[in-house]
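Order of writing sets the chain letters: A, B, C, D and E. Residues in each chain are counted from 1.
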Amino acid sequence: MASDTLASTARTDAQISGLDALEIAGREKELSRASRLWAATWPKLAALGIAVGIWQVVVWTGWKDPWALPGPGPVFADLADYALSSALWDGLATTARRAVLGFAAAVTVGLLLGLAVARSKILRAALGSMITALQTMPSIAWFPLAILLFQLSEQAIFFVVVLGAAPSIANGVLHGVDYVPPLLMRAGRNLGAQGLNLYRYVIAPAALPAIVAGLKQGWAFAWRSLMAGELLVVIAARTSIGAQLTYARDFSDAERLMAIMIVILVVGLAVDAAFGAADKAIRRRWGVLDQAGQ
Amino acid sequence: ACGDDSEGAGGSSGPVTLRLGYFPNITHAPAVVGVEKGIFAEKLGANVKLDPKTFNAGPAAIEAVFSGALDATYIGPNPTVNAFSKSKGEAVRVVSGAASGGVALVVKPGINGPQDLRGKKIATPQLGNTQDVAVRYWLKQQGLTTTKEGGGDVKIVPQENAQTVETFTSGAIDGAWVPEPFVSRLVNSGGKVLVDERDLWPDRKFVITNLLVSTKFLKAHPDVVQKLVDGQVAANEFVNSKPDEAQQAISDAIGKISGKPLDLKLIKQAWTTLEFTNDPIATSLKAGLDHAVDVKLTDPVDLKGLYDLTYLNNALKAQGKPEVVQP
Amino acid sequence: MTSTTTTPDSATTAVALSGVTKVYGRGANAVLALDGVSLDVAPGEFVCLVGASGCGKSTLLNLVAGLDRPSGGQIDLAGDASPGLMFQEPALFPWLTVDGNVEVPLKLRGLPRAERRARVAELLRTVHLADFGRKRPHELSGGMRQRVALARTLALDTPVLLMDEPFGALDAMTRDILHDELERIWSERRLSVLFVTHNVREAARLADRIILLSSRPGRIIYSTTVDIPRPRRIDSPEVAAIAAEVTERLRTEVGRHGQ
Amino acid sequence: MASDTLASTARTDAQISGLDALEIAGREKELSRASRLWAATWPKLAALGIAVGIWQVVVWTGWKDPWALPGPGPVFADLADYALSSALWDGLATTARRAVLGFAAAVTVGLLLGLAVARSKILRAALGSMITALQTMPSIAWFPLAILLFQLSEQAIFFVVVLGAAPSIANGVLHGVDYVPPLLMRAGRNLGAQGLNLYRYVIAPAALPAIVAGLKQGWAFAWRSLMAGELLVVIAARTSIGAQLTYARDFSDAERLMAIMIVILVVGLAVDAAFGAADKAIRRRWGVLDQAGQ
Amino acid sequence: MTSTTTTPDSATTAVALSGVTKVYGRGANAVLALDGVSLDVAPGEFVCLVGASGCGKSTLLNLVAGLDRPSGGQIDLAGDASPGLMFQEPALFPWLTVDGNVEVPLKLRGLPRAERRARVAELLRTVHLADFGRKRPHELSGGMRQRVALARTLALDTPVLLMDEPFGALDAMTRDILHDELERIWSERRLSVLFVTHNVREAARLADRIILLSSRPGRIIYSTTVDIPRPRRIDSPEVAAIAAEVTERLRTEVGRHGQ
């Protein structure tokens, strides 16, 4: 046998015959579920631990006054207070509802706009670059128009959210459509897909990964626009995360500000998990899962 | 030299940098004039370098003071109280007043008295700020209820001042309790003054801007603070004696940052509702807080130690002017 | 199964190319891929196209399928259905299962669900992949993918079939079986087939006529009718004889360009 | 010949022999340059015309007071004033410099972060979802931290811009890396590319289209964060587009506000054109150009 | 040209597989692609692998190349260079020109620029694509892409070469020419080659040994040594005889599974 073995350790540790392997495959899966969960969780916990640790150390050094940079202790204490108060839950309920509705509207507008612009050369020439330009328009520039159009109503907030997120989503669609493999386009056309059917059977599914990426970016825009937009209308009996964030800053309440930032991060993590799951499902289907890591 | 707080500690032997914050705004007229006309620079002398910073809103200025990026700033009563109470009375001291008045309730033409406000929407700059408290307290005295959430007889809608002009012109609100120059601007968009807040205060005086210094800087460089207060007194002198020049200076200063000089007419219009006084009118701040507690917008705050008016009184004494009462 | 027949007044030609030219690129980079190709395929005729690598065979099929425009010349088709094209690469949709891929043309024709299912199952049986309907393209071997693509093209039910090396990735035995299947479907449906292959024996096994294209520019340089009666066997001496003849011509042609 | 011809009109109009076509190809190109420019321009002009037209009509109906919604006439007059004043050019110079520097820093951070996270499973588990969470954090939440860390300096503005844009760019990188075709990964590894070389020779170029899309989204985030961040502190009395925008709003100067919005749109269009050119170059190389339209 | 030789103490085997098993998927969906495959390739040996579509040939090459891990068994290689693999699909990098694609392995080995250029030009001449260096993959025909992939694999200069149907998309003449080229390179560099093909004649033309894999599970069911002296011709009767013998075994095997 050859003296120098390539990756032989990795290969020999699985010296089992084929059918054995088949049987073991099932068991391995059971065993590994817990360990996979652990593998996905410990780095997060470690990162969290390191971040909080550094924060605490910086606070201990007395670099800044506690009212300028409160330590983790007071912040988590305030977060606990906050979580026990109705303010967080009411605010979160309002904001989440607005975010979901606004994002849904933005998705509709963004997808339609993206598909329309991608589809027609004239629309693309006319509006294509306008999409990015609109995307760079800061939310506050839209406030006067929002008030003109919708007065002080929830719609004004939606308007700002949709204008913030829809261009981003449309850009995702455009990117996806632009990179549909030409061979698949030809295949689709030859199989009889034309016009809308070509979109339904070829372009949309082929562009799906890019569209999901665009939706993720769109969510970030929607959420940030919402945080700003929630100050537009402080509506009767309805508090919101965006308003609370600004109040915390207005009252120089560093602890509450950081507590709200933690809440925003947690919401972001949850949303990312949802997008991550969708993306993973697509990658599994397409057979491009878990190859980059190797 | 915008470095550590420790820099130059131990007296004013070495050169010291004074980082001073203010808003390019009518209510900050003494600051604008003091910087633009070189009044501060003159009073501070060669040993102290003035590093002025302009802000658009209070929170950033307070953050800057807290983080040691500013040594002193002109600011309104609301952030003053917040900064004092959040730092448990440690971070800041008020060393002088700057301006009084300049706040009013502007309403749509059809509204002629408090009772006409029932069911109407009134804007304020921010939930729990001076004007928000003032309008709620005043309404309460008129027998009208309000709630923190915007319910009650009169609906209070806190929103940015810029937005207030937009919502007022588009008819979404019926009035607003705001400071200058927004009072004038609302009047110019067809509103009328229903209440001039000066009428609600003794001597028609209440604080709208005062001068805050960080306690650390005050401890390290009391002499510089003295010079700054001297400058403030001189600036007010200038503002009051040469209003035209002061108004022009404000218009120019705003123009430098915003790209468009502010309309002089508007400044003149707002000017009449303001009084530039060195007295921080501590009683009005205290009363305002009591009102806030009264309308259940805040818990009582102990303001003891907020004011350190020795420097101001030194300055006034030197000029032979009446001293103010240390609260 | 629906048997699509060509319309009566197109009884003589299913596909007619006259003076078809195709230039790729512009200016100095221009490549003359096809130069004045004229070719008629009769309804029900099986035409095989052979030629050296890069001589323009795929280009020709793409033009006939209407996926590209000729730079010159004219292409006419009988009937209103565009021809089904089996690409040189499998071109499967990665987001669909094998079943899903084969089902696409049936869905696009609006067939009801039950019928689609039955048809997909039948087609997968035809290509010997009955058990693989629920797999995804990336889980298949190269030859399996090619067979799925074949099934998908057959699902189109068009009167004209264009096939670009459909059996290139298959072992000899599987290919023999699929030759029989293809021949059966061709005669049942009276299809007109334009079939590209590198395997000259395969051409002789299947074709009514074999056409040889030259390289750069692609021109028809030779055409022969295969009169061997069907059913034929790929290892029969008659097939071998035709193959040898075509090979000889091909050798001259490639020899001219190969060096 | 067959009676029923498919798309025969389209095909017959080019009945010229091969070599003629070769010759004509060159001439056609000359001729079509002007017409292609026209084809790219007229839809933009038309869109612009329609937009301005609608705006003018709305103003004519007297729906809102002219100080709430000024017509195109006064706005363009103000834009002309603005363009002739030094305010626009000084502000644009400051803002553009900040945008370019901030974006460059964000690109560096975003690319490194994205590649690092894409590469290491542990980093990915630890930080992957944090990226989207950070992306959703509104700029104002970072202001206090920016002031704490960088005092009242340009760096504080950069900090906000980088925190706004880098996550978006990193997400683009992650998306691109995730969808590198497995076959190309294998080919690269087999050709001897490992570790960094695999990134350099396979992953980075394969992910390039997605990275460019991420950069475009990142630019929008950077610009919007900058517009907010420029208010954080006005350094050395230097005017900027962000400050001008807010002051225009504070002064209820609807005309100037709209003039500034037009400036922002124009900058956005210019940047989009740059990204569009980059993207087109990639698509031309890859051979996926101009196939979606058909 | 650098001639890579195997180390002395690996004189007897260049590649050694013992009891190699590969299972794809899990649970009910598991596919046993390879089952206990043991195979030694001697240094300088040319081994051809034939088998029905989907029997596990590509899987085997991927395992030997180290791109996948076997579920069981052991794979040993002489020397420290991993084998060069020519994939079943061209797998060219779309962002590079033809030149650029062929240059990648040379760059990765750190060759100086001038040497790289010369080598690329030589390799493209070998595959008869000397004029196509500046084209991009999408501008090539299927067969041309395959030849670029061949050139890129040859640029690797590894002692062991794995080839997955490298000539599947080529016409007979081009293939014959490339057979000669490959044989020349193989003997010059003393390469060990594991070569997958569906063309049994091609196997008989090139191989020292032909190995037949069965389908699902993939097992070695037949192995024969080809003793015909080189140079051989693909249409020689000796080659035909060996091909016929292997075809017969293949037929039995596929017949067993095909229906």
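Couple of notes before you dig in:
By our rule, a residue touches a chain if its C-beta (ideal position, glycine included) is under 8 Å from a C-beta of that chain, and two chains touch if they have at least 3 such contacts.
Note that the structure is predicted; figures quoted are calculated from it, not measured.
Any chain touching chain A that also touches chain B appears here: D. Chain pairs A-C and B-D differ in how many C-beta pairs are in contact, and the one with more is B-D. Between the CA-based centres of chain A and chain E the separation comes to 45 Å, rounded to the whole angstrom. Look at where the CA atoms of chain B average out and do the same for chain D: the two points lie 41 Å apart.
The distance from the centre of chain B to the centre of chain C, with each centre set as the mean of the Cα atoms, comes to 84 Å.
For the pair chain D and chain E, the distance between mean C-alpha positions equals 46 Å. In chain C, the residues that touch at least two other chains are 82, 89, 138-139.
Multi-chain contact residues of chain B (touching two or more other chains) are listed as 59, 63, 67-68, 166, 170. Listed for chain D are residues 64, 68, 143-144, 148, 182, 189, 246, 249, 286-287, each touching two or more other chains.
Taken in their complex, chain C has these residues touching chain E: 24-25, 31, 50-55, 57-58, 88-89, 128, 139-144, 147, 164-165, 168-175, 177, 198-200, 247, 250-251, 253-255, 258.
Listed in rising order, the residues of chain A touching chain C in the complex are 183-184, 186-193, 197, 201-202, 205-206, 208, 282, 285-287. Per the touch definition, chain C reaches chain A in the complex via residues 62, 65, 67, 82, 84-85, 87, 89, 91, 93-96, 104-105, 107-109, 136-139, 152, 156. Interface of chain D with chain B (complex): residues 64-65, 67-68, 82, 85, 87-88, 90-91, 143-144, 147-148, 151-153, 231-235, 237-239, 243-244, 246-253, 256.
On chain B, the positions that touch chain A within their shared complex are 58-59, 62-63, 66-68, 79, 82-83, 86-88, 90-91, 121, 126-129, 147, 149-151, 155, 157-160, 163, 166-167, 170-173.
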